[in-house]
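The structure's right below; bear with me while I get my questions together.
Per-chain residue numbering starts at 1, and chain names A, B, C and D are given in the order in which the chains are listed.
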Amino acid sequence: MGILEVKNVGKRFGGLQALSDVNLSVAENTVHAIIGPNGAGKSTLLNCLVGKLIPDSGSVMFDGQSVLGRAPYEINQMGISRVFQTPEIFGDLTVLENMMIPCFAKRDGAFELNALPAVSQQKDVVDQAMHMLEEMRMADKRHMHAAAMSRGDKRRLEIGMCLSQEPRLLLLDEPTAGMARADTNNTIDLLKQIKQERDITIAIIEHDMHVVFSLAERITVLAQGTPLVEDTPENIKGHPKVREAYLGESA
Amino acid sequence: MDAIILQILNGLDKGSAYALIALGLTLIFGTLGVVNFAHGALFMIGAFCAVTVQRLLNLSFQTVDETQKDFLGNPLKVDTPYVEAWFGPEIGAAIIDWSVPLALVFAIPIMLAVGYAMERGLIKHFYKRPHADQILVTFGLAIVLQEIIKYFFGANPIQTPEPSALKGSLDIGLMLGFDPNAIIYPIWRLVYFTFSVVIIGGVFAFLQFTTFGMVVRAGMADRETVGLLGINIDKRFTIMFGIAAGVAGLAGVMYGPLNPPNYHMGMDFLVLSFVVVVVGGMGSLPGAVAAGFLLGVLESFASTTWATTTIPGINQIIIYLVAIIILLTRPRGLMGRKGVMED
Amino acid sequence: MLGLDKKDTSLLIIVAILTLLAPFILNPFPAGSAMAQFNAGYPDLMQRFVIFGIFAIGFNILFGLTGYLSFGHAAFLGVGSYSAVWMFKLLSYNVIPAIALSVVVAALFALLIGYVSLRRSGIYFSILTLAFAQMSFALAYSVLSNPKFNLTNGETGLQVYADDPQIFHRDSLPDMPHLFGLSMRSTYKLDIGAWSFDFNVGYYLCAVIMMVMFYLAIRIFRSPFGMMLRAVKSNQQRMNYTGLNPRPYTLAAFVISGMYAGLAGGLMAAMDPLAGAERMQWTASGEVVLMTILGGAGTLIGPVLGAGFIKYFENIFSKINDTILHQWFSFLPDGIEDFMVFIVHPFIGKGWHLTLGILFMLVVIFLPGGLVEGGQRLGNWLRNRGKRSGEAKTKHEPAE
Amino acid sequence: MSKNQVTRRGVLKTGAVAGAGVALPTIFTASSAAAYTNEPTGGTVTLGFNVPQTGPYADEGNDELLAQQLAVEHLNGMGDGGCLNTFTSKALKGNGILGKKVQFVTGDTQTKSDAARAAAKSMIEKDGAIMINGGSSSGVAVAVQGLCQDAGVIFMAGLTHSNDTTGKDRKKNGFRHFFNAYMSAAALAPVLSKEMGADRRAYHLTADYTWGWTQQESIAAATEAMGWETVNNVLTPLASTDFSSYIAPVLNSGADVLVLNHYGGNMVNSLTNAIQFGLLDKVANGKDFKIVVPLYSELMAAGAGENIKGVLGSMNYNWQLDNEGSKAFVKSFGEKYGKPPSNSAQTCYAQVLLYADACERAGTFNPCGVAEALEGFEFDGLGNGKTLYRADDHQCFKDVLVVRGAQNPTNAYDTLEIVEVTPVEQVMYAPDHPMFGGAEASLGECNSGA
């Protein structure tokens, strides 16, 4: 029984069957990659997991509880954090504030009218955020406007924000898309380090095979809205169906 | 039955003014992505083009008539318009009589110029600014424009009558086989309705059938891609702004005979036209037109005795009520596109 | 101090000093002098400064922090005023229950309108608030003033009549709004030489309340809640995926700012017990938008400055008529005098709307941060100039 | 000057602060030694002119302002154009009021109660205005009147036509020279009956607010008493700019007269729309269709242009009125400003002179004294002919003009012609008339602010 169980999920947009009969099981404390050619339904599947879309059929269970029909913030509070393809951060806020917001969300829940005490007096949250900033090696930039940072820094900040919520499942949507090789490698190292240092399950959607094969313990290949195979990276590499559907074209 | 036909007719007529203003607003929003609160002011400027033409045609020289006295008991100074002196009294009077249709010719270059100047001089610098900033700067511009008009033309409304040949009303009911006086409708209002249908049709045809229009429509859908194709979309958008200003201005010129122009008529229409655009769906041209006519008809029906006795005060709030209901049930208005103006 | 950091404390102290000494600061010119018409230190205007300051501070909590542009905030002000006058009519002229009820009713009203309007964002939200406010105005102006059910007294405005119950009214109490017998209109007049200063009870009540509200606003700005509101403005998507529900945050901000507006409305009625429908009109909502932007949206002090600026314009600039202009320029030769009057004429007196519109446009175009940004830029420029001349000196010195 | 000011305000000098003093707490700005609010102590007295300078009624406000400036000139003896001579009271000497030179300050009402009160307060609190004059709507008049009552100054209303101003909202410190809706109706009804017959069926369009309702109520009552029938009364929102949907059903309703209980922009547009629909060319119930606009003003007539031809209405005053006072005033106004005065201008002019005259006769600026001098004051001149300022409700009673849009105006100023001058007796009513607040309406006590 995996921490995330997707059963028979289907989703249709008008005439397009984006997902059909998707089954996926992500085991706890593993790195699970979902790959597939463009239009395979990777993003649709992801959106079904985080509450942005509601599948037409099937079930999505996280840690034994259904996530269907819940709003994104509720699903996040259950322990699923999402990293976006282009970093989604609070650009107008400082780096430290960016890091504090998930800490508050972790501490106070989805809504708390905490309107009178100053942020600076919330020592526990400040400490937690600073600690995470240090771990992300950006403590020196804490007073910078987040929008003014480099793309790599934004990515690290976003991952840091997700981690500070101590999620049980971290979803990454093409975390290295559009990155230079060096930045990509840094991100891979960061993710490896994260995985080493804590008990966390990571599901990653990725195009870049380099990233996938450096990180993933299991891989699901999606094509035309259905999972083709699920296996270890080694087996996937040699799988004829996958070669045909995906690797053949990109290799 | 006749009462219903009458109110539908009236609603379409009312709606045609809303539709024209909303059409221009939507053109500007759809192409340039700018929320133009000064659009009502353009409508008002159009109406004052008619006033100006009327004033110009009435420019007069004075002759003293000893036989008549003015209010102070002095000999009366009689004004004779130059046009009457030049073309003879009859032709001169006829020219003055037709000043509103003549003003159309005059208003087109003026409105295009005003639109061009507005876009190049002000709006251009706000493409990248937040919508709130656009609303605010154009709101400020609307105040400035109306105060300038007020300074020159005063606060009182000024009559710009329709040509006397088009005065009066038609008994449409009689033509449809109802009793006399059942459905009476003013000729100029029918002219206005026809005019707006022609203009709306013209704008749609222009966008549909010309290359220029196709590029603009493509640009409305996806500005970046069209820009990548090496087409200078900005220049075309400037022209679109001019056209939108022209539509508003012509709507204003023709509106003058319906209700005499005053300096605040733009503000009076502004709130309403935004409601129309939002109900229609931001960025949707057919939506704007449909919503304009729809709200016109609803407003017309809400002002019937039947409606006001059933729900007292319904005529006061109908427009807003409709806006609220539509926005809550259809988040993007009647025909709005996803993702427009939701940031 | 008071849970604020050093910078905020000094800001609060400056505001406190300015408001408490306003009767002096606003009356810089001797009473009889030609410049006296620029004096703004009379009770009514001083009250308006702080009341609209409260209104704008509240509006800024919504607009400045969350970026939601409400075009219907005047409705809450109007509702507050009506509630307060009803308290005067039913209970007594004591301002405490009136102000309390105005805040409560405005909060409920804001909760209702906010709950519905906040289902949409962007311009849809603006139009929804506008629609609600215009509906409220139309209802207050005519529908709810019909003889059968007269809640608002329509065009004339709601006021206290001699035959109203006023169940707690005693003959010993003043026949106008008061605070436990201290009339809002009591004014100490202080004459120093040619100068004359008014110290009005109503003003000081409003001023104290404004300082409290300003203080609360600072606390809100610096609190986790305030940070969440800025997060709403910055990126709602990220907020959603960080386990935070933006809607209750924006709704809370909406209600809080509605309560500020209601308080302002209640105070307006307390200073002058008449509530007119036109203070609910969309142009009145537009005015508070102008105030906030003009002063500097999202800054603490900006809205207060903007409110003061616009009210000064409305009350002082609008009173300059041609006769006064001719007096000003009378030192010039006749022709030039007339010419100067001709040039200035469109912008003053009845032309104050024009001047305001132009200023507003200039601010939006060149100073998106409002007067506060202008002040900062000026400060920086002066500092840089000082520095540069300093640098120039240091560069120069070694050469010598 | 400065020292003078300290002593004349009767300030207690304290030893601690040399040259500074603190007055006792008082209501409003009157200090303890002053007998009443803004008691003038120098050589000048300040009047406050509160008129709309922005908004749709700005032109009317401007007209009022011109008339008030003219009145100040006349009071200060800068030539009175013979106006004062026609005034039956001879108390004014052309040397200001009570020997003090008259100054004035202006305020912008914006035709909004709030703004009007703010402007009035500013003039009272800051500029020391001893009275407030002017205005262009009933809402404003009632609001400012209440304020002046509280402040302890005299309020002389400008254009305000609602019954309430001197009806249920009457105040001891407030005075109205202008006529009201009841008087319009009383004056119009006989003329309407004479011109149109006694068996007409009337359709009312009424602006949906207090003034509209009282006007409609008055007209309906007066015409029904003459035998007319009221077919329908439709309330139109004040914010309406287009009345076509209200006009369209009129012809088919069985009515043969349309009564437009509208004012200002509403009236201009509703009348324009009615003419567009060709109502005046139609025959209904075998009679020529007619339109009535109970309250006319010159600016509305100008705004409505040719549409007013043949349309009946009433006015407080018209410059064509043929009496000595009127002629002198029109001449004086016309020579200075190049146009004849409007009826609101005449009211504002008369109000300033009436106030000044009352001060002279009372020998004081004390509002209670002035009010007493005005109450029951009978005079002639200033334009309207014989007039009474009734003591019971502070309403002026004088002849009312019934006017009609002229068929062939010779210039921009004679677009209205006087049909009949209804004698004052016909428009009289009891002070406790139910339309005027009934027996409960009371002026209250005079307030001098002391």
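The rule is simple: a residue touches a chain if its C-beta (ideal position, glycine included) is under 8 Å from a C-beta of that chain, and two chains touch if they have at least 3 such contacts.
Remember, it's a predicted structure, so these values are computed and weren't measured experimentally.
Note on connectivity: the fewest chain-to-chain touch steps from chain A to chain D number 2. Looking at chain A and chain C, not one chain touches each of them. When every chain is reduced to the mean of its C-alpha atoms, the one closest to the centre of the whole protein set is C. Comparing the centres of all chains, each the average of its CA atoms, the largest separation from chain C belongs to A.
Computed centre separation for the pair chain B/chain D is 36 angstrom, with centres defined by C-alpha atoms.
Rounded to a whole number, the gap between the C-alpha centres of chain C and chain D is 33 angstrom. Averaged C-alpha coordinates give centres for chain A and chain B that are 52 Å from one another.
Chain contacts: chain A has no residue touching two or more partner chains.
Along chain B, residues 313, 316 each make contact with two or more other chains. Within chain D, residues 58, 208, 235, 237, 239 each touch two or more of the remaining chains.
Across the whole structure, chains are in contact as follows: A-C, B-C, B-D, C-D. In the complex of the two chains, the chain A residues touching chain C come out as 50, 71-74, 76-77, 81-82, 84, 88-93, 97, 100-102, 104-106, 108-122, 125, 161, 165.
Interface residues of chain C facing chain B in the complex, by the touch rule stated above, are 63, 67, 69, 116, 119-124, 126-128, 130-132, 134-135, 138-139, 142-143, 146, 282, 286, 289, 293, 346, 351, 353-354, 356-358, 360-361, 364-365, 368. Within the complex formed with chain D, the residues of chain B that make contact are 2-3, 6-7, 10-11, 13-14, 17, 68, 70-73, 76, 150, 154-159, 161, 167-169, 181-186, 188-189, 257-260, 262, 264-265, 268-269, 299-300, 303-305, 308, 313, 315-316.
Across the complex, chain B meets chain C through its residues 35, 122, 125, 129-133, 135-137, 139-141, 143-144, 147-148, 151, 271, 274-275, 278, 282, 312-313, 316-317, 319-321, 323-324, 327-328, 331-332, 341-343.
The touching residues of chain D, counted against chain B in their complex, run 55-60, 208, 232, 234-237, 239, 241-242, 244-246, 248-249, 251-252, 265, 268-269, 272-273, 276-278, 281-282, 284, 299, 302-307, 319-320, 330-331, 334-335, 340, 410-411, 413-414.
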